[in-house]
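Two complexes, one shared chain (subunit A), two partners (subunit B, subunit C).
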Partner chain A sequence: MKSFIKKEWDQYFLTNRWLIFFVIFIALGIMNPFTAKITPVLIENMMGDEFSSAFGEVTAVDSWLQFFKNVPQLGLIGFLLMMANSMSKELQEGTLPIFLAKGLKRKSVILAKLLAHTMMWTIGYLISIGVTYLYTIYYWDQSIVQQLPLALFGIYLFALLFIFITFLGNTITNSTMGGLGLSGIVLIVLIFLNTFFDSKWNPFMLFNEINERLLNDIAFSYSEPFLTIIALMILCVTFAILHFNKRAI
Partner chain B sequence: MILKVDDVSKAFGKKSVLENIRLTIEEREIIAFVGANGAGKTTLMKCILGFLPFKGNITVADEKVQFGETASNAHIGYLPDVPQFYAFYTAKQYLKMCQKVSGNVTDERVDEMLKLVGLENRPEKIQQYSRGMKQRLGIAQALLHKPKLLICDEPTSALDPEGREQILKILQEAKKETAILFSTHILSEAERISNRMIILHDREIKFDGPLKRKVSNDRFYVEFMSEVSLENFKEFQIEQEKEGWTVQFSDEMNKQAFMQRIIEVDASLKKFMPQEETLEQFVKEVTNR
Partner chain C sequence: MNNLDTLVEYLPFLIPLIILQYGLAIYAIVHIIKHPNYKFGNQVMWIIISLFLSFIGPILYFMFGKGDDA
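Coming up: the complex of A and B.
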């Protein structure tokens, strides 16, 4: 499995994919505090002083709120588009059969790819957090922000779940659209459940009341959505391995 | 015995592709696997690799082949018809990756394989390789872990004559250490490097044996001492060649009539030799049986 993880790693770095990847996440990191800082100015210019003052003073919380808007949307969607064909491409191009014919275990392929995607997502996410943090403490007082590590970890896990779901969809359907489609369906179901049913187990609730959480206005139980996400991720890995083990090539 | 295919059948939906295939391959045999497009050659190879589900039993080096995950693949080297590589690697980097996947391969073996296929000291990435270079790299990766069986799916099909020649030389070298099963449409290649031919046709093995061509009893090559007009022999079935004629006799009477005519026109024979059946004719005859 190590050799295949190295190959995945090399694929990121020798094809300059890493460059696009890092540029996106650094840009997102810069964008969060920048957007928080510039939004009142833009509103003031467009709508006048009175309307702008209704928003109150910009704080570090606003910068992190931008993070929770931008990274799970732009960052995750970009990442999913980049990895959405990682299994189907290998099978369609025929690069994988040579290694399977050497006795490479099929589950090693699945695990290596998921591990490589997890590592890349983790690095990208940490870069974005780091840049946002540095830029935020430059302008504002960070000490008012509460529950940040748990909120960040929640969204990290949520994004990881969708990376796993996209990978599963791609493995089963052997198409890019299959991976993205499955993720889309699961997302719609989670949003629907979150809107109409009040369940503390729904992973989508990690997006609920972020503002209040960062200001420490409410108590929030993270363990249930975390457990749901971990269970769903284990299911994704298991189904992907079971399916790929019995796949005709 | 390196490979044993016992009563193997394969169907795609309701369409049967292979029926009750039986064959064995011994150590260091080199076998040409011949058959028309769609005859099932690639399908059988994929069954041996565990890439496709099948009915029956296959063992490679006494290890049972299972569909999906199969330990038997540790004994196999595989060269697909159009091998695809991780193009961001150089040949050496790629073989190093293969080395890690296979496990017990030394650095010296990597260098030996690069030398065998003439890709040592190539700093460029695989994406810049020609088709022939890719095919040679394909053989290097397939032989790297010293497999007991090398499976090559039409290894020369898309190559120019020079590229074909290089691959055939490498295969001839490789047969010193492994049994080889290679599919081909180019019968002259089959004849040149293999000692056994398997002809797959209409879902079955129609021929499995050494490459022997029959000497024809009714097809003769004829050359005369001096020029002889074809006009005098127009009732015979004759094909004109560079130096002489090829005559197809319908029966013994027809042959005697031809000899009689030679005497009548006062011609002197230089050569009168029974012709060997061509490999193409042999395959055609076998598949039409």
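Coming up: the complex of A and C.
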């Protein structure tokens, strides 16, 4: 199990994946405060002063709102594209039988891969938070931002759920598009449910009213969506293991 | 506020972004020249893509263009 985790880890660091990875997350971190800062200037240049004054001052909250817009979109999509073939590629390359013959449990293959992806996502997310945070305290007053750690953790978990779902889809269908497709379907269902049926158990609600939460510290119940996400993640792992145990390699 | 002040105010953003962008482009181009095997396309095409599509170009190369041997 240990050597397999190491192999997964090497796959990130010996290939150029780590480079793309760090550049994406650092660039995303810079982009958030940059967009927040430059948008009013651009509007002023295009529309004139009287129009831009309607938007008010840019604050630290705007910088973090950009974070919540960019990282779950560009960051997560980039990450999913990178890991969407993690299982199918493994089977194509045919290195797995060697590990299995040496006594590696099939369950361990799944768990090791998910662990490696989880660690990489955690590192990338923390890099983006770090960069955005440094810029935000440099330019603005960070103390007005409320509920930030919980909001950040919510989106972190939400993204992790989609990494698990993509992995499950990739394991079952044995294709890159299968993983991404399954994620896409789940996302559409969640957005649909969030729009038409107001439920505090829907993980997508972690995106609701982020603005209000950061600015006015309104009451928001995090535990229900967190529980749903953890339950769905456990389901993903279980299905992936069950399916992988039965498949011929 | 004159133009120089504006530039100085945005330098903390611009310097890291420029370093990242050109660092990545140079790294990609060195890789393209050293590993002349591509899934598709040719050397000139990938160098142009890496040089002129900031961020996206090198990423496209490493994800889709790079040969498997590296």
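Basically, the second predicted complex is superposed on the first by the 248 of 249 C-alpha atoms of A that agree within 3 Å, B and C clash if a C-alpha of one lies under 4 Å from a C-alpha of the other, contacts with A are read in each partner's own complex, and residues count from 1 in each chain.
The criterion applied here is as follows: a contact is a pair of C-beta atoms (placed from the backbone, for glycine too) under 8 Å apart; a residue touches a chain by one contact, two chains touch by 3 or more.
Everything quoted here is computed from the prediction, not taken from an experiment.
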**Request:** Name the contact category of A:95: first (subunit B only), second (subunit C only), both, or neither.
**Result:** first
**Prompt:** So, does A:7 touch the first partner subunit B, the second partner subunit C, both, or neither?
**Reply:** first
**Fill in**
Max touched-residue count on subunit A (subunit B vs subunit C) belongs to chain B
**Request:** Based on the superposed arrangement, let me know which partner A:200 touches: subunit B (first), subunit C (second), both, or neither?
**Result:** neither
**Message:** Just to be sure I read the superposition right, which of the two partners does A:247 touch: subunit B = first, subunit C = second, or both, or neither?
**Reply:** first
**Asked** Do any residues of subunit A touch both subunit B and subunit C, and if so, which are they?
**Response** 15
**Request:** In the complex, go through subunit A and note every residue touching subunit C.
**Result:** 15-17, 19-20, 23-24, 26-27, 30, 33-34, 37-38, 78, 81-82, 135, 138
**Item:** Contacting residues of subunit B [partner subunit A, same complex]
**Value:** 46, 49, 51-53, 67-71, 73-74, 76-78, 80, 82-86, 88-89, 93, 97-98, 100-102, 138, 141-142, 145, 151
**Request:** Quick one: which bits of subunit C touch subunit A in the complex? Just the residue numbers, please.
**Result:** 10, 12-13, 16-17, 20, 24, 27, 31, 55, 58-59, 62-63, 66, 70
**Request:** State the interface residues of subunit A toward subunit B in the complex, per the touch definition above.
**Result:** 2-4, 6-7, 10-11, 14-15, 93-95, 97-107, 245-249
